[in-house]
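Have a look at these structures, which come just after this line.
Heads up, the next two complexes both have chain A, just with different partners, chain B and then chain C.
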Partner chain A sequence: MVTNFMHRLNIDDRGLASRRAFFEITDEDLARLATHRGLAESHSGEVVEKLYHLLLGHPESRAFFPDDSSVRRVKQLQHTYFLGLFEGRCDLAYVENRLRVGAAHERIGLAPQWYIGAYGRYLRLIFDHLFGELGAAEAQAAVQSATKLVLFDMSLAIDTYIAANLDTVARHQAAIREMSTPVIKVHQGVLLLPLIGTVDSHRAEQIMETLLMRVVEEQARAVIVDIAGVPLVDTMVADHLLKTTEAVRLLGAQTILTGISAQIARTIVQLGVDISAMHTRARLADGIVLALSLLGREITAKAP
Partner chain B sequence: MARGSIPILRVGDNLLVTVQTDLHDAVAEAFQEDLLAAIEKTGAAGLLIDVTGLDIVDSYVARVLADTAKMARLMGTDTVIVGIRPEVAATLVRMGYTMSGVRTALNVDDGLAMLPARR
Partner chain C sequence: MSDQVLSRDDLPVTTEGDVVTVRRRAQAVAQARGLGTFAVAAVTTAASELARNTLTHGRGGDASVEAVARDGRQGVRLTFRDQGPGIADLSRALAGGFSTARSLGLGLSGSRRLVDEFDIDTTPGKGTVVTVIKWARF
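Coming up: the complex of A and B.
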């Protein structure tokens, strides 16, 4: 999962170097933070407590921590996270660890608002301690280094959050696409594709691909495309239907277009689209009869 | 690939060819020549070209196939192309290349059934 995000965010040796360069994180910054590790360790407990004071103090963010044991667990993680800032490294392993934070937040649905606010509190707490215990010049240098690294972490968390979110959206889109292109086998060698809703070019491509695969899988000789549920047939839709028909023909099957209302018939003719290459029928029932006859079969009444 | 490397089988009055390697330009031309020569020699009634093995058919290969069918027609031989893959069909149509006038079938059985049985 995290490895996947490393890839998605383009973080390899080069990507990391470039990101670090943009945040102006130098080896001196990291070395400087490492010298303050002792200070960080002595205040880690307090910093984490104050951070959770903020997070648990708001009903919306509090809702993400259902019970005491989960609070204890995240506090422990936070402790490790905090000390990670003072380890003096910012390598691939460091980034991998930071990406887990973003991915975990997306998984539980914690929006950036909450952790950006928390990062703000973090920085103020770190500043307080650095200024409180170091000389002015030293403190200022340390504050700058810490700010760079915390913002760097923040960028990773947000980028992961967005990437994870996009993954979720893509999964949903795939599910919707699949549901919106049901190809039904109505008889041996006859497939039915009932189209419902608007057909845009993306969906039209999807329809063609799904249909062609199924034609070969089922070795179907006839395909009925029913467009009774398509509210609008414009030039683009008509063109896609024609292309699909051509592709189906290349496989060695025939397409029958059904569900053509008076309105659609009028539109098609007015648009000047030539669909004479397609078999067409007004009603799906007629299309099924035609499909069967193409296969040399017919529906007959049972003998009494 | 040298000429004659795509085997042409004779089944009854028909010729049966299975294309299994990608048809690069030179191969495609040799393939067309071989087929026409075989038609000339045998006077076959039908020609079946099975392209199930082709993952990629570019516009050049599609044109060679369509032209071959037309040339065979001129020599009195009906051609059926079978086994075009879904992704190949989609690509050809997207390129606007529909091989109109060429007969197609889903598989070899269907294709053979479309060819004349003159014996």
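Coming up: the complex of A and C.
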């Protein structure tokens, strides 16, 4: 999961070097932060408390922490996170660790607003302590280094959040596409594909692949494509239907087109598209009867 | 012949999604003008064909969907413009069954049959403008 994000965000040795360079994080910055580790350790408890004061003080962000034990757990993680800033390193292991934060936030649905605000408080708390306990020049330098690293972390958290979000969207789209191409087995050897909505090139490919797989799986001999739910049949849709028919034929099955409205029938004729490669029936019910007869079967009335 | 223009929408044609938007707009205007269901299906299909040609052959462009009237007759006028390569052999493209895109090659000739008026102005290297009108029956 996190390794996947390392790849997605293009973080290898080179990607990391370039990101670090853009945030102007130098080895001196890291070394400087490491010298203040003792100070960080002595205040870490208080910093984390104050951070959660903010997060638990708002009903929207509070909702992400269901009970006391989960609060204790995240505080512990936060402790480690905070001290991580003063380790004096910013290597691949550091980044991998930071990426977990963004991915975890996306998983629970914590939007950037909440952690950007939290990062803000983080910075102010760090500033207060550094200025309170170091000489002005030293504090100034330390604050600059800490700001660079915190903003760097923030960029990782947001980039991961976005990448994870895109993954979620892609998964949903795939699920919707699957749902919108249900291939139904209506009888042994007979498949039905009810098409609904606009058929664009992308969907057409998907539909053809799904259908062909099923024809093989079910050893289908007849495929009914019902277009009652398709708003229009232009040359592109017709072309896809014809190509599907041809591929289905290569697998040893015949295609029956049903659900053709009078308007679509006339439009197809005027366009000049030859769909004689498919059997056609106006109604789905008639298509099913035809499919069965192609298999040498028929629907008969029950004997009295 | 000057037609009275009652409304006009200018739409970009630069993505597949735009093709759908243009054809939905054409359909809505045709219905609003009182065209019958067959005429609506015809002009909607022509819109889809011509918009897709603008996109795929003309490298994108734009479209106007207009509600027009002439001598009390109501209609829809669609105009597709692009600055693509133009059509070198127009009579062949209009004859049907010819495609430079390994497609059916029926969009242009078919659209011509689907509408009442069809006008094409194409200059190789400059671009193409196609204008069509579909009228409501009296």
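Following the convention adopted for this analysis, the second predicted complex is superposed on the first by the 290 of 304 C-alpha atoms of A that agree within 3 Å, B and C clash if a C-alpha of one lies under 4 Å from a C-alpha of the other, contacts with A are read in each partner's own complex, and residues count from 1 in each chain.
What we mean here is this: a contact is a pair of C-beta atoms (placed from the backbone, for glycine too) under 8 Å apart; a residue touches a chain by one contact, two chains touch by 3 or more.
Quick caveat: nothing in here was measured; it's all calculated off a predicted structure.
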item	value
Chain B versus chain C as contact partner of A:Leu193, first or second or both or neither	neither
Which of chain B and chain C A:Gln270 touches, first, second, both or neither	second
Partner chain(s) touched by A:Leu156 [first = chain B, second = chain C, both, neither]	neither
Touched partner set for A:Lys243, first chain B, second chain C, both or neither	first
Partner chain(s) touched by A:Gln219 [first = chain B, second = chain C, both, neither]	first
Chain B versus chain C as contact partner of A:Leu125, first or second or both or neither	neither
Residues on chain A engaged by chain B in the complex (per definition of touch)	208-209, 212-213, 215-216, 219-221, 243-244, 246-253
Chain A to chain C touching residues, read off their complex	198, 200-202, 231-236, 238-239, 242, 262-264, 266-267, 270-273
Residues on chain B engaged by chain A in the complex (per definition of touch)	82, 84-90, 92-94, 98-99, 104-107, 110-111
In the complex, chain C residues that touch chain A	16, 20, 23, 37-38, 40-42, 44-45, 48-49, 52, 96, 103-104, 106-107, 109-110, 113-114
